[in-house]
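Below: one structure, written as structure tokens.
Each chain gets a letter, A, B and C, in the order it is written, and its residues are counted from 1.
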């Protein structure tokens, strides 16, 4: 079973499950080089070849840690798809020049940030670069210029955005083709199903990448919450119906059923969670089960 | 005076007042075959030739009752425009296989539902088929395929939607031409005047059909409500000014003044209400009167 | 330094700072003819050549007062750009026929109102005519007809709107080209930065005119308000950093940094405020400073 998918007609081919690296470094598990290498290799063996980064992860250190690990086995690079993001300016001792937590989508910052990501990751190019957050100050012409320059130089193959509204997406997409919008969506975050974000992806045949696909873990910790109780109850029942699937697996299957063909970004440092998510591909959730889960979240019948 | 109107340039020609059948059957008046036939024939004589159905009305029985009545006078069919809807799955003993109140916009369901509607209505074709509710799971390509097949087979002449947001309308309309969006609008439901729904209809020259054009009757029952008191007072005054018109008539005239050229769907089983609505065509409400009614509803002056 | 800017590629060339006349007449300072003439001439000398009017200002009297002043020095007219607006019907002894505060965007009203504005302003043409408020009843075809007629007759050179949502803008712009949307925006009114209004301007390369660019003066009067305290503190600090600039100047610089290239409409009758605003052109606010001001307004860090 192929677990590859094209983000758009002429877009990059990614693994349907994307490995999010936010918690690999000092913001999370703080893996050492051998542990990271092991994670990359095991993931590669499983066919999960797309890794999601951002310049800022680990206060600008996690790309470097990943790159150091990858340099131990450089031949694997050609099989991987590396995603990074830029545009946020974090206050951290690692960037003493930044005085205000802010966004910078200037041509200069985008290029500098990407070139730094290449250096940190130890690679000549990345497959996809995203603007991390929409800035009220973003100039689409300037961003398009920066993107064109990076493409021309072979440093970035494709471009996208993250956390953009439909209106912001249309704005930048009117200047340069975007292949994805990486947004938050989960059974605990239904807005994109209703506010036009996913409509636009389906209309333009651009596949969304999904962060926090499990709602940031609340389904597994807020056990007293009535919404969570309802969701867990329904997903447990449905999990048993389809085999022996866990709540997390049913919730990923729930996302995968959407016609936008979402790519969940799993922000974990455990290979077991990747293996678990891959098993979800076997599940073909019925429409009725999908709506039962939806209603468990909203707490009210559909009209 | 013609009371016909084209939904779009090449769309179907409907009567400006549409007879809604939701309450003809077991969900409402529970008319017998003779009563229904009489209603259809009287409406036909009045020029109100468009009848609005849905597969689910009367728990999937009202189309059948209508069809049985119509079969008593089959020659009348060619003068009528029949609208139906599909996409909602209701839990009812009449559909024991449905376990979850949900939406189904699959190719298979749309075709099956429509073919059943044809059988129930006792007709070879309907003039317009609507997707009853936007489903978060709807795949516009699949809906377009189903619609194309039904059109090719001569089973449905035109297609539309109901209760779609502008974004959802654009999504499906990008795949197959839609001739209407049947939405709720009334002096008690002003959202579509402000949220872009009617803007889109006007921009695309697609005439909206309007359900609950009188706000579901609340104007005639919630007599203690301050908003209702204001509306009734203003409409009573204006009704006298234009002749001897009732509040219901002024409220329909109020809708008809909108440049989108709305088609109110009157959900009644009384021919007198249709006759009353037809008299509204004589009224040309002034712009000032229109705003006085608007302000009676909102309770605050326009900016 | 040129302070001219084109509203669109083929649009009119306006001064970057627009002089708003709303408070010149009986709604505000009630200037006499000599005082108005002096204001016009001084503004002209400063290069602030664009004057923003509306038919209704001063209960339909301020255009007349301005025209009377301008007639004392008619040769200056060719250097000025005059903007006016129509569409609101005010209740005032000056318009006894208006019984309801309402909007009128009929062909007849637009043309009559504009012709009256020409007479009052004592000019053969105006440079820009705006629909003052979006009316739920506006028919874009009818507005386009009126605009085309006025353009053909040489009475209005360009057309735009005011206070339109993106959806309303698209609707009218689909029928006739619009060169601006005059909207409210300021550090106290951030909606247009987030609701797609400014996105649309940037996407279509249509420059917005901005009313209440300083939030209607609240920054200078609500001194106990926590939001105001934060804004004043940050702007005071930044004002010192760039030179000796006041809070009002920093807040205009803050608007001018936006890539939509906003034209602030200063609703004042004091030439000193125009002089003060012109000095803002020297400031190139840094992105970090811009975000520090944004956060002072919202009271929470950006994501």
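Throughout what follows, a residue touches a chain if its C-beta (ideal position, glycine included) is under 8 Å from a C-beta of that chain, and two chains touch if they have at least 3 such contacts.
Since we're looking at a predicted model, the values are computed, not measured.
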Chain-level touch network, classified as line, ring, star, complete or other: complete
Chain copies touching (subunit B, subunit C) - same or different residues, decided at half shared: different
Size of the rotation, in steps of 5 degrees, that lays the CA trace of subunit A over subunit C: 120
Whole-Å gap separating subunit B and subunit C, where each centre is the average of the chain's CA atoms: 42
Subunit A residues touching subunit C - in the complex, by the definition given at the top: 89, 98-104, 106, 133, 136-140, 142, 163, 165, 167-168, 170-171, 174
Residues of subunit A that touch subunit B when the two form their complex: 166, 193-196, 198-200, 202-203, 257-259, 287-292, 294-295, 301-303
